[in-house]
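Presented sequentially are two complexes of chain A, the first with chain B as partner and the second with chain C.
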Partner chain A sequence: MKAERLNPALDRITRVRGVRGAMVVSADDGLVVADALMEGIRGNAVAALAGSLAARLGRAAAVTDAGGQRFVHLAAEGGALLLLAGSEGLLIVAVTDHHVNVGLARLEMQRAAEEIA
Partner chain B sequence: MTAELARDPASLVFLQLGEALRLQRQLDAAARVARSGLERHPDRPDALDLYARVLADAGNRDGARETWEHVLTLAPRHVGALKGLAYLAYRERDYDAALDMLETALSEDPADQTVVLALQTARAAADRLDAEFRLRTGADIFAGIEGADHAILLLDARGLVLGGVLRDHRGLVVSEEVAAYIAGAAQEAERAARVLELGEWQTLECEGTDGHLHVSPPARDAILLVRRDRAVPAGRVALLARRAAAAAQAWLEAQAG
Partner chain C sequence: MKARVIEPWLMAPLERFVRECGARLTLIMTPSGQVLAQYGFTRAVEVMSAAALGAGIAASTAEIVKMLDEPDFRVLNHQSPHHGIFLGRFATGRGPLLALAVYGADTSIGLVQLFFEDLVADLEAAAPVVAPRGPVLAADFERDLNESLATLFR
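Here is the complex of A and B:
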């Protein structure tokens, strides 16, 4: 996987109003594969948390017959953390403020996932 | 009645006399009359029933129970003994046993209004107890909300189930296993929101290939999970989750009160 494919895909996500950063994370170990983050966002921590969150939710989803995870939306007072399952065990991650259009951000995350597949 | 009994010690008037004394709360005198009658009529169910009632009024429940049980060995459908044992069961909050005995008594004497009234009282008590139990155990927290019997779960922050139930596609209860994972996910959500300086987390939604999970904290140290099939739109899942959260909050407040 080349950086020239990852970075433009992430840049398109960050162009969505309200998105503060986007990353590609390895779901298994929570490590950063590529990122495009605003200053002040701790990429390594976000990646680790995203991986852990996805893993725990994934187990709950499996037990409850919800199937494989496709999209996770953590909403908080001041913004959101969005995770989208990509191919090859990768997660597309976006950190947003609370003004974001989640549907639009998700669309760009989906496109990014398809591009890097 | 006393004079009549003095004239004829074998008379059955002791039954009326003993009952009259019992109703006047002259329990020692009532007990003497009943014991005296039993000396002449040891296996007469009415006499034993009278004695049992006096014992019960005097607070000797074990003695009353033993005597009424003896009556039932002599007359298995004796209404007085059934009513007496039902009363003892009622006092011990064993409402099912009380109802069983009262229904048997009513079938023996459908015109006995004391049995009818006792049945009403016991049924009301049984209903209250059932309502208390359901409130305490959380069995009815989500009654009336779509998926309440298989797809809504309330747990505490440690992953222990508080109420509701989650079943898999086979109908098997998976509440405890899911609660453990969801509590972990909620901890991660709280941590992620803190690290990213997003403030308090509000909802955690997971869209799977076959279903949705919607997780939220309806109160401090409580976590709510709503699961719906993939065919249910995410907005509707969120609406259901809000209704479930309101029900959970009401239940948690009732518990705290």
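Here is the complex of A and C:
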């Protein structure tokens, strides 16, 4: 992992319209590795719950023979949570409002995952 | 498996913590190792051992923290291949308390830490304020310990 590339990579995700914050999370631990979040977003809570969600969905994918999960889009009433599996057990996480262009956000998340690998 | 508590105000926060974070074993105790609540333990001897070891670890960690000129010991986490052990210290109206949680691979340290923060807030809100206690006599300590264990495994 290239630590010095974490923050610039996250900054690029947050420049996508509708993204309220981006994080790199240790998937197994549910801990924040790096974040760029708007005020009011509880980074530790998002990291813990995103790690737990990814683990549970990963198990669901495994029992359906769907293979390893790559991207999760959780749409809620007020926004969305996007998860992308990175290398070395890391998750790229984006917290968005409901106006976000998910495709563009996903593209930037994918780029971030490649940059920090 | 049911939570057991010495004082009723501990029950709801403990049950919520265990339910939310998925801890397998949990103790809430005073820094001297007096157990106030437990979840998941089946034998009194396990509770006594875990409480004594947890209190000892908290005390020695607090001394190391003092040597580093840090304000206070707050949380300590040990990660094994199959289990994690989380030890947190916090203040309530009832005085300082320790929470010891053992968790498995079905949850994470992030979740345990997150819901530990909620546990602390819940306990702070629920704790009755009591006057500081005098020195603990050996005879009283043994009687209190036996009464607590009897309650926890009733």
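To be clear about the criterion, the second predicted complex is superposed on the first by the 114 of 117 C-alpha atoms of A that agree within 3 Å, B and C clash if a C-alpha of one lies under 4 Å from a C-alpha of the other, contacts with A are read in each partner's own complex, and residues count from 1 in each chain.
The definition used in the following text is that a contact is a pair of C-beta atoms (placed from the backbone, for glycine too) under 8 Å apart; a residue touches a chain by one contact, two chains touch by 3 or more.
Everything numeric here is computed off the predicted structure, so don't read it as measured data.
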Once the two structures are overlaid on chain A, check if chain B and chain C clash or fit side by side. fit
Report the partner of chain A that touches more of its residues: chain B or chain C. B
Can A:117 be said to touch chain B (first), chain C (second), both, or neither? neither
So in the superposed three-chain picture, is A:70 touching just chain B, just chain C, both, or none of them (first/second/both/neither)? first
Per the contact definition in the header, classify A:81: touching chain B only (first), chain C only (second), both, or neither. first
Who does A:29 touch here: chain B (first), chain C (second), both, or neither? second
For A:47 in the superposed arrangement: first (chain B), second (chain C), both or neither? second
Using only CA atoms and the superposition described at the top, report the least gap between chain B and chain C in Å. 10
Just to be sure I follow: which residues of chain A are touched by chain B in one complex and then by chain C in the other one? 45, 49, 52
Chain A contacts chain C in the complex at 25-26, 28-31, 44-45, 47-49, 51-52, 55
With touch defined as at the start, can you tell me which chain A residues reach chain B in the complex? 41-42, 45-46, 49-50, 52-53, 56-57, 59-61, 63-81, 95
What residues on chain B touch chain A, complex-wise? 166, 168-169, 174, 177-178, 181-182, 184-185, 188-189, 191-193, 195-213, 225, 227, 230
Considering the complex alone, what residue numbers of chain C touch chain A? 107-111, 113-114, 117
